[in-house]
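Take a look at the structures listed below.
Look for chain A in each of the two complexes below; its partner is chain B in the first and chain C in the second.
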Partner chain A sequence: MRWLHTARIWRLPLLIGLLTLAWLVFPFPGAKAATTRHITLDASQFAFSPGRVHVNQGDRVVFTVAAQDVVHGFYLDGYGLKTRVEPGVSQQIEFVADKTGKFRYRCSVNCGSLHPFMIGELVVGSNTPFWRATGLIVLAAIGMLVYLWQSGRVQEMKQDGTLQSSTP
Partner chain B sequence: MVTPSRINLLERLPLLKTILKSRAFQPVLMLITLFVFVLAILTGLFGTPAGSRNFNIIFVWIVWWALLIIVMVPFFGRLWCAICPIPAPGEWLQRRGIIQRRTGRLLTLNRRWPRRLKNMWLQNFGFLGVAMFSTIILTRPSVSAWVLFSFLLVGVMLSAVYKNRIFCRYVCPVGGFIGLYSMLSPVELRVEDQGICASHTTKDCITGNEHGYGCPWMVFPGNLTRNTYCGLCVECLKTCPKNNIVINLRPFGSDLMVAKERRLDEAYKAFIMLGCALLYSVVLLGPWGWLKNWANMDTLPHWAIYAAAFLAINLLVLPGLFWLVTVASRRLSGQAVPLRRLFVDYAYTLVPLGLSGWIAFSLGFVLVNGSYALGVVSDPFGWGWNLFGTAQAGWTPLWPTLTAFLQVGTLTAGLLFSVNTAYKIARQNSQDHRLAFLATLPVTGFLTLVTLGFLRLYLG
Partner chain C sequence: MERRERFAIAVVLLILIGLPAAALGYQYWLRPALSSTRMIDIRAAAPEAGGFQPDAIQVNAGETVTLRFSSTDVTQGIAIGPGLGIDLGHVDPGQVKEITLTFDHAGTYTFYCNSWCSPDHWRMRGIVQVDDPANPGALPTSQRDPVIEALIAEGVDIDDNVHTDDHPLPVISLDRVPSVARGEMLTSTVNVPADLQNAAWRRSHSPAQALDLLIADNPSMGRAELADVIAYLWSGGLSAEQITAAQTLYNKNCAACHGETGAGDGPVASSTENNPVIFADAGYMFTRRDDVLYAKIRRGGMGTDMPNFGTLFTQDETWALVNYLRSFSGTGQGPLGDAH
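Coming up: the complex of A and B.
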């Protein structure tokens, strides 16, 4: 009946695995009522203001991007939206924020030394990917500890002779 | 003897052995990298000041960096050190030749390197020194060029004064962290039978012979137990008359379990690397413009505050917090091992997480900005050339939404590897499984919090 004993030992890691799987597919609370959000983004070397914007999933977002010093650009990861902004002439970008998560907006026109790092953040909805990843990491750490505990016990039991080694 | 968990690559791939034993192999690769290196210096000095259109910034800090941290270090350890162009001119001057083995002594003043500097501290402070200015170095071609040129100059000067690769072994800020993280790599250079080396009186691998030079890294292969200080130059493969040198494929991170060689300077390297990965993620990938400006030296007082905080976090805060974790671990498990030793031992658990943090950070800007490489390869100086017809290639971010998934996967793998390492190290200090497990808990808590910190910056 060694298999029964082994099954008993590994039931906790199995439970953690199932829990992890459940966390990854578990539906998060639905989106709040969608509205239209008008957001003015000031672009200047080497930051956007505001640097971080929250909207609800499903919101119609209207970004008005204005360059304060030199020519800048605007590119939104995940949505692939792009525009060029010259000082004094603001540009509007309109889209429906239908994907949840954090999306970076970046300057897409070379504006100076720190241009590749001119970044802002748009957080849509409850940022499900972040919370799923957080759960995954915590559960993975717990799962690893459980594995180490169990495998250490099995090793000790083999040494003590409580559990027969599977090797002939 | 090759252990069962090792595969002797030289035995499996005889062609590899032939190539590596050839005297021309390494110098040819170094000549190629030296050409690219000199081009990077020239484009930095004489090309456009716009970093994203200059070969120097794009090829050094995006292309080379991505290859180094995502491919070479994790999978091949110190492979880069074997082909690095920085020590090449100094080494060739010392040897008075590039390919052929010249007889006679090395051309150098042959001074002794100070004993107190025979460690990683100089590399630790060198790395921090460069890191404090990194926002400027990484974005300004001329500054980047001067830094690269100064590395080359220091390499030549040191080889004129000291024998062998003193620069690589004790000074190079990049070499320090490559050495630390090469412990994780699945490739190692070792001897097949240590007994043969012990009884071999002439020690050709140290003294050299007609086939090659004595180890430029000042390492005796017969005692090698870790990758940290072996530059994979394979001179020993050429000189060994006993055919005792092997290159093995092995499990990832095997060197982390070598307890007797753990040291405080290496432990600090692990803290510095982890701290810098976190800080770079905050400064360069975060949305805080004021912080970028401070790091970019908008005013001297701002930069001074930034630099002081940068140093304090790396040298005091992170090690301090980890010290508390070690105290908790020792109390919880009742281990009778000295606290300082535990502190150093457990610091090696930061190596897998640190490397995964660097990979995750690098993914955050390499994929998005990699397309600049197409343009600069055709127009390296930004002078309007179009050598390969790709000069007009626009900026096209590569899979920006995929980046987050890759980062989560990398960080999770790093965390699990680190937790596993923590338990194994705890078992080295305690035969009792339960006590070792208890000792692992606070370290795991720390590692998990750091991972969640990275996650917050990338996805949160």
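Coming up: the complex of A and C.
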């Protein structure tokens, strides 16, 4: 039967595709329990301190933003949170970090000439898409080598002298 | 020259000259001509970059004017005072906020920035001089303040808290931070002299002086308890709205140096000539008279970086602010009154 034969050809690509999908979306084990994190963000011309904040997914994050010189703002991309901070009067922003990924927080009040560069990063959860993609590329490279070996291409290349081998 | 070449030159000239002419012509000629009121453009920049331009404007009493505020560098806040209650909010660069108003009598008003725009933010002020059209040549008279005049007549040194090596900070020792709430409960059991029950007397005398009188009249009571009673007497009796208004004024104008909790630890405190006064220090605040605090806010500090706010705040606002300052050391009834 013809359709069974076709399915046989597509069996391997289908398997690889399914494994890739599983690799990209399957949750990593060992996720940490959610806690409350109190983080003090000092805003001054023209940087936030700390400039990068790591939290785990599900954490309740309490940012205390304090302006150290002039009026600054705080806007968190992705979560759409915004506040305005006068020097001397700190502001609190509280939210649950339910979205994973890397989000920029930036000054939302025009505080001076380098205001557009006043940016920091909030990293929620480990940056798994990056590491998963890296792993996938490494696996694909190994798979390709194995495939080349299996298909006899390596032997041909050795015979052609394209690929030098120390083993006889 | 070919016809098409001439046409091209005409198009280029039209863009180079016509476009700016149209934009500037609208800005400086057409819009003022179409407006029913006199228009005054005021460009705001941080004080280091020039401040308000112009920083003084002249109008006649009864004349309706439109003031257009714009910012050329950072986000500014625009307010006009005292006593007008005009706060245009934030003006971002590229944004224009305008207000049409009529000054009904002669005098001087201040337009000022109320958003910390730069280290020298507090210098950013401009003057509205309102002339009487019936008497155009008259110079504006300086605003009289009976409280400050009385202090000068009495010979009180408003700046005696500016401490140096040979002039220590005036302070008395208290066993604990006085509490308004404890004082309120105790006050019926204490023999309070008539002077202390008089609001005018309390304004012109320090809590420390009053404490000595109270101790003399109540020898059986402890000093700490009597200090609580003094704290209650000096708490001002403001309404919740007045306290909120005073807190807003404090946070916008004072907190940058004196700190949100009156601890003298605001973020700009490190750049001032003298350390900002610590309102949370009850022993120091007990040596301060209400009218001296009032005078200091309105006139500013001599030889220090304390600006004058008499041209921005009304007298009632200033008195409410004095009571709010006392709340930091437990002697007032502000939100922090008994938190210490």
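Note that in this section the second predicted complex is superposed on the first by the 97 of 168 C-alpha atoms of A that agree within 3 Å, B and C clash if a C-alpha of one lies under 4 Å from a C-alpha of the other, contacts with A are read in each partner's own complex, and residues count from 1 in each chain.
Methods note: a contact is a pair of C-beta atoms (placed from the backbone, for glycine too) under 8 Å apart; a residue touches a chain by one contact, two chains touch by 3 or more.
Model, not experiment: these values are computed from the prediction.
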Partner chain(s) touched by A:H38 [first = chain B, second = chain C, both, neither]: neither
Touched partner set for A:L136, first chain B, second chain C, both or neither: first
First (chain B), second (chain C), both or neither touched by A:S90: second
Partner chain in contact with A:M144 - chain B first, chain C second, else both or neither: first
Touching partner for A:A66 - first (chain B), second (chain C), both, neither: second
Which superposed partner A:H115 touches (first chain B, second chain C, both, neither): both
First (chain B), second (chain C), both or neither touched by A:S49: first
Which superposed partner A:R11 touches (first chain B, second chain C, both, neither): neither
Greater residue coverage of chain A in the superposed arrangement, chain B or chain C: B
Doubly contacted chain A residues - partners chain C and chain B: 110, 113, 115
For the chain B and chain A complex, residues of the former touching the latter: 49-53, 135-136, 139-140, 284-290, 292-293, 296, 365, 368-369, 395, 397, 400-401, 404, 408, 411-412, 415-416, 419-420, 423, 427, 433, 436-437, 440-441, 444, 447-448, 451-452, 455-456, 459-460
Of all residues in chain A, those that touch chain C in their complex: 66-71, 86-90, 109-113, 115
In the complex with chain A, residue positions of chain C that touch it: 46, 71, 73-75, 77, 90, 92-93, 115-119, 121, 251-252, 254-260, 266-268
Complex interface listing, chain A residues touching chain B: 44, 46-49, 51-52, 75, 77-78, 101-104, 106, 108, 110, 113-121, 127, 129-130, 133-134, 136-138, 140-141, 144-145, 148-149, 152-153, 155-156
